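Here the structure is laid out as structure tokens; the discussion comes afterwards.
When the chains are written out, they are named A, B, C and D in that same order, and each has its own residue count from 1.
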Amino acid sequence: MVVVMQEGAGEKQIQGVIDRLTSLGFDIHRSTGVRHTLLGAVGGDKTGVDPRDLELLDGVHEVIRISTPYKLAGRTFSPQNTIVSVGGVPIGGKNVPLLAGPCSVESEDQMEAIASALAAEGVKLLRGGAFKPRTSPYSFQGLGEAGLKIMRQVADRHGMKVVSEVMDHTEIPMMLNYVDMFQVGARNMQNYILLKELGKVTRPILLKRGPSATIEELLLSAEYILSGGNRDVVLCERGIRTFENYTRNTLDVSAIPVIHKLSHLPIVADPSHGTGLRDKVAPMARASLAAGADGLMIEVHHQPEKALSDGAQALTLPMFQKLMKELRLIAVAVEREVQ
Amino acid sequence: MVVVMQEGAGEKQIQGVIDRLTSLGFDIHRSTGVRHTLLGAVGGDKTGVDPRDLELLDGVHEVIRISTPYKLAGRTFSPQNTIVSVGGVPIGGKNVPLLAGPCSVESEDQMEAIASALAAEGVKLLRGGAFKPRTSPYSFQGLGEAGLKIMRQVADRHGMKVVSEVMDHTEIPMMLNYVDMFQVGARNMQNYILLKELGKVTRPILLKRGPSATIEELLLSAEYILSGGNRDVVLCERGIRTFENYTRNTLDVSAIPVIHKLSHLPIVADPSHGTGLRDKVAPMARASLAAGADGLMIEVHHQPEKALSDGAQALTLPMFQKLMKELRLIAVAVEREVQ
Amino acid sequence: MVVVMQEGAGEKQIQGVIDRLTSLGFDIHRSTGVRHTLLGAVGGDKTGVDPRDLELLDGVHEVIRISTPYKLAGRTFSPQNTIVSVGGVPIGGKNVPLLAGPCSVESEDQMEAIASALAAEGVKLLRGGAFKPRTSPYSFQGLGEAGLKIMRQVADRHGMKVVSEVMDHTEIPMMLNYVDMFQVGARNMQNYILLKELGKVTRPILLKRGPSATIEELLLSAEYILSGGNRDVVLCERGIRTFENYTRNTLDVSAIPVIHKLSHLPIVADPSHGTGLRDKVAPMARASLAAGADGLMIEVHHQPEKALSDGAQALTLPMFQKLMKELRLIAVAVEREVQ
Amino acid sequence: MVVVMQEGAGEKQIQGVIDRLTSLGFDIHRSTGVRHTLLGAVGGDKTGVDPRDLELLDGVHEVIRISTPYKLAGRTFSPQNTIVSVGGVPIGGKNVPLLAGPCSVESEDQMEAIASALAAEGVKLLRGGAFKPRTSPYSFQGLGEAGLKIMRQVADRHGMKVVSEVMDHTEIPMMLNYVDMFQVGARNMQNYILLKELGKVTRPILLKRGPSATIEELLLSAEYILSGGNRDVVLCERGIRTFENYTRNTLDVSAIPVIHKLSHLPIVADPSHGTGLRDKVAPMARASLAAGADGLMIEVHHQPEKALSDGAQALTLPMFQKLMKELRLIAVAVEREVQ
């Protein structure tokens, strides 16, 4: 931590701050300049110190945090990229997997129609929602456990793995019977009770960035899971809220290279939620891959016009097949592979 | 709903849209202009229709939703202001109550010191957190039920009512033993499982706006609680996330008059979280009252420099007393009263 | 400046950075911690150094700027509040003046009707636009010099001073014949050519914050004017762009106390542009005064429904009179006066 | 336009609105529903009508604009893509040109070193700033006309075209002697005086999106130029301001496909300003091309650590050469070419 004293701060004020920092276990290095005195505080028990508290001390101008508040999620902890295995399918390696499927599980026929087409394209990770968090209490809320059963059966039939959203910690034991990867939705990114419980599970987690979460907050949420003992966390960029609302959200593509610099965890992009509009999904999927995404989550529906939720952002099967062709070409440019 | 057809849309396309709307139960009124044909769709089962789905129909330029997606929270449902009683203390009437206390319950001594000073100022609603959602897994997480016990005892001693945050639906039954009002934190504003359970409770709810939630989304979250049968919902503006980060959040003061126009529910302002900085709390509390707030939530601590959480945004007791004097003067200008 | 070296940075890397900083004229104070080495750099020619450039040096983790990039606009430069005189009407002192009038000057009859009513309420600063920057090229663009003539005559008749927007530096000499205060519109806040020319003028400037400008950027724009020699700058908060668009902009009321802390310049609020909706203007004007604003800019029109621009955000004369009553009451609470 | 009446609006109110709309030249189509009456208003002189004015009429709930406020910039005006020729180099066709060069022109040696390397990669459009709008009045402000002379000579030597920023309308005549394309910087996007003057010039314009401008506002600014008679406008996405500030701006990659849908004008991406960090430029350049950008603007410097401005976001020559290789591969996937 660096404490910047106000211009003209007196010796008594400076000594007061030094005393406080020392009592917190910091070693102090003092730099006396013409205008400002700086106090470099190294060591100490940083976890319990809120920089704002130090800013309240007499004569302090500003307090600057140096070290990142996350540890296990950071590059320093693990310089090498983490590869997360979802029932044997790796995320974070050379291959860039697709996580595809409908927004909601609606019926076995629907899942079969979609999964068989996806499997034919080499997709190994089947996504689908059984519990749907909906903004309006009057909207379709998902099939629940019945939906998970359908997903499991259909996925098994096609040699696929199941990725589905967990909305509440009480559902975890039940869901362990069906899913290969738990998805934490954007609105639950800071549901710390849920995150803590997922830290105890031996199954990978797909953690979606909240629409107003900074990258640092996303990494801190990952830290909750990692510090519980579960090291298999995949991050997911799915759009942030900005003043521009032609698109539902603004997919923050630059978060991909930023996260690759800050963290060893894989980062997947979700252009379906990131745009909310079907005809923007393919361009943004291509963009995400070109920017270095480790996976792509895409909503696909065989009959989007009849979908019970978010049909407007689902690709049709032919659109998905066309996209796969484009992705395979782009992968070459970034020295990756798309199955 | 109004469907705007593309310029030059053909009769077959127009008829296709009319057929679809009719099948959804809408009555259609067609307006044929020089450039655009408009289809006004009235009646119908609006709840199940996603306007984006209609935008996918052939020849459609844009679909515009007319009616609000919330019902019970809207002014139309109840033209008169709702007054919510918190154990006999009204919110939404002429009197503008203060909800004051520390960020976290730390000890009985702490709560007693703060509550006695607040009670002397006429404050009747005591706030304090027993479960703390913290961004970092390494921060203080609250005393839990022990904290609630302390709050209850201290509040009873001073004739005050208890307002405390519920973080998870499984805690509701336990908390019913201690609290007079459940607070839903900003990060849980769209935790629909929690909202649904609170809809079944016969105790008032303080629902905080999420940092990136629109006013409409806040009202939709209120709708979740109201539609469950609990009509005692108080809204709370506590700052939104913007590009400006000198302050922790930007307190959206204008949300107060906007919500008064759209909804009959009381709206409280929380300038402590809205700014995150002690010296900005009093100006923003005054501003909120002047803009028409029905209550003010203020963090107060007798020793902020020793607070276990968010001390930097807590008022000292003398600062709080000074603020109360200012608020009583401002109340006159808006024909309200502050105790 | 503080340079934070990467964890594990070697002695050679550290020495390289020290050499570079020394060559830039900085004195270096080194703090060697267990994890990080910090280099405090004091003195030096800071103005030419972009911290990002230093971040490119080998082994550097982060570079933190200590001193503010503005000087003349800062509190350190002038601990006492600046009071700006607009033709004898002070802004920044105990009295909080209103700057009121229509969005656009439309005719002498219009200005006379409005100005006479304002003068009767004690308003001394008459605002009105002669050059209108309009988003659409097809909208009314203002009367130009003819409008300024009207304003001047009407203002003189009622003993008022003229505040009007300058859109281009080439208009300054002409406008000097008519206006007592130049307004720089939000979209021109970073029009540096204009700012530089206004720095040479001996007339006060009302500098509006751009809709996406940080407070620091606003102060840097003021610095352009101040460093040119014109010390009579009044800042104006008029709403920032956020994701919430029920209101046109989000009036950042908290900018008022923040700017009072950072700068000695007066800060005025414009709730008319800040909200864009007539019925939100009075609440936000009251809120701004309660938060400490040094002046209030309010759009008023005797016949808003016939206004050529922005009629929707103009107060009617009776609404303005009612607001004045409320403001006089609130002023007491903040130890100010409203005429 | 569609006027939605309040629930329960009376016949007198409805008739009042109809009369007003009729007086504005609209044809009215009335739809009477169970809850709302809708008035579809087609035809009429839309340009002079502010929907907010109609919202003030008695009994009106909401007014919804149907047609876009821009005409010449819209797809309807020109269904086919516009190809803009910059001294013979097309933007908007199959080939995706690079606009590359340093942030600022610093010297002939610098420009020669950079231009010769760029030309060897097939780059035909040389960018460089002679007038630099800087946030701080104490920063390097550019070489002015001397810089333009250098650019022209160096460009001619290598068969390249010159793209440079115009900051003020008074500089246009002088700049016509040197530049092949005028660039309008982000901060000048709504400098309407400048835009109008550029509408009279027979040279192409590169119009950068402001950091807080919506896509619609960008198209309206293009409309200013187009409606003046200059049809050679190229749009440029260069990052918007959001709450995330790890990157300087958030490059809104999705604006590329959105603009392709709404407008016939070419859209270029500027990942250098969009990220502000050298190591993020290549990923975001690849992403922009993959999303369909018609051109890429990249800052390149042979010695970025010595650059007088924005060195931190400039690619080195070897980095640029590597990027070109990647772009050529990605172009195939989107059926484009990069020279």
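Throughout what follows, contacts are C-beta pairs under 8 Å (C-beta built on N, C-alpha and C of every residue); 3 or more make two chains touch, one makes a residue touch a chain.
Computed from a predicted model, the values in this text were never measured in an experiment.
**Student:** Please tell me whether A-C or C-D has the greater number of C-beta pairs in contact.
**Tutor:** Answer to which pair has more contacts is C-D.
**Student:** What's the chain with its C-alpha centre farthest out from chain C?
**Tutor:** Max centre-to-centre separation from chain C belongs to A.
**Student:** Could you put a whole-Å number on the gap between the CA centroids of chain A and chain C?
**Tutor:** Chain centres of chain A and chain C, defined by C-alpha means, are spaced 38 Å apart.
**Student:** Go ahead and note the Å separation of the Cα centroids belonging to chain B and chain C.
**Tutor:** Centre separation, chain B to chain C: 31 Å.
**Student:** Just curious, how far off is chain D from chain C if you go by their C-alpha centres, in Å?
**Tutor:** Distance between chain centres, rounded to whole Å: 26 Å.
**Student:** Any chance you could list the residues of chain B touching two or more other chains?
**Tutor:** 212, 241-243
**Student:** Under the stated contact criterion, what part of chain D meets chain B in this complex?
**Tutor:** Contact set of chain D toward chain B: 2, 4, 7, 27, 29-36, 38, 40, 42-43, 62, 64, 66-67, 76, 241-243, 245.
**Student:** So in the complex, which bits of chain A are touching chain B?
**Tutor:** 47-48, 50, 52-53, 55-57, 69-70, 133-140, 167-170, 187-188, 190-193, 196, 210-212, 217, 220, 223-224, 227, 241, 276-278, 304-305, 307, 309-313
**Student:** Looking at the complex, which residues from chain D come into contact with chain A?
**Tutor:** Against chain A, the touching part of chain D is residues 212, 214-216, 240, 242-244, 246-247, 250-258, 261, 274-275, 279-280, 283-284, 286-292, 326-327, 329-330, 332-334.
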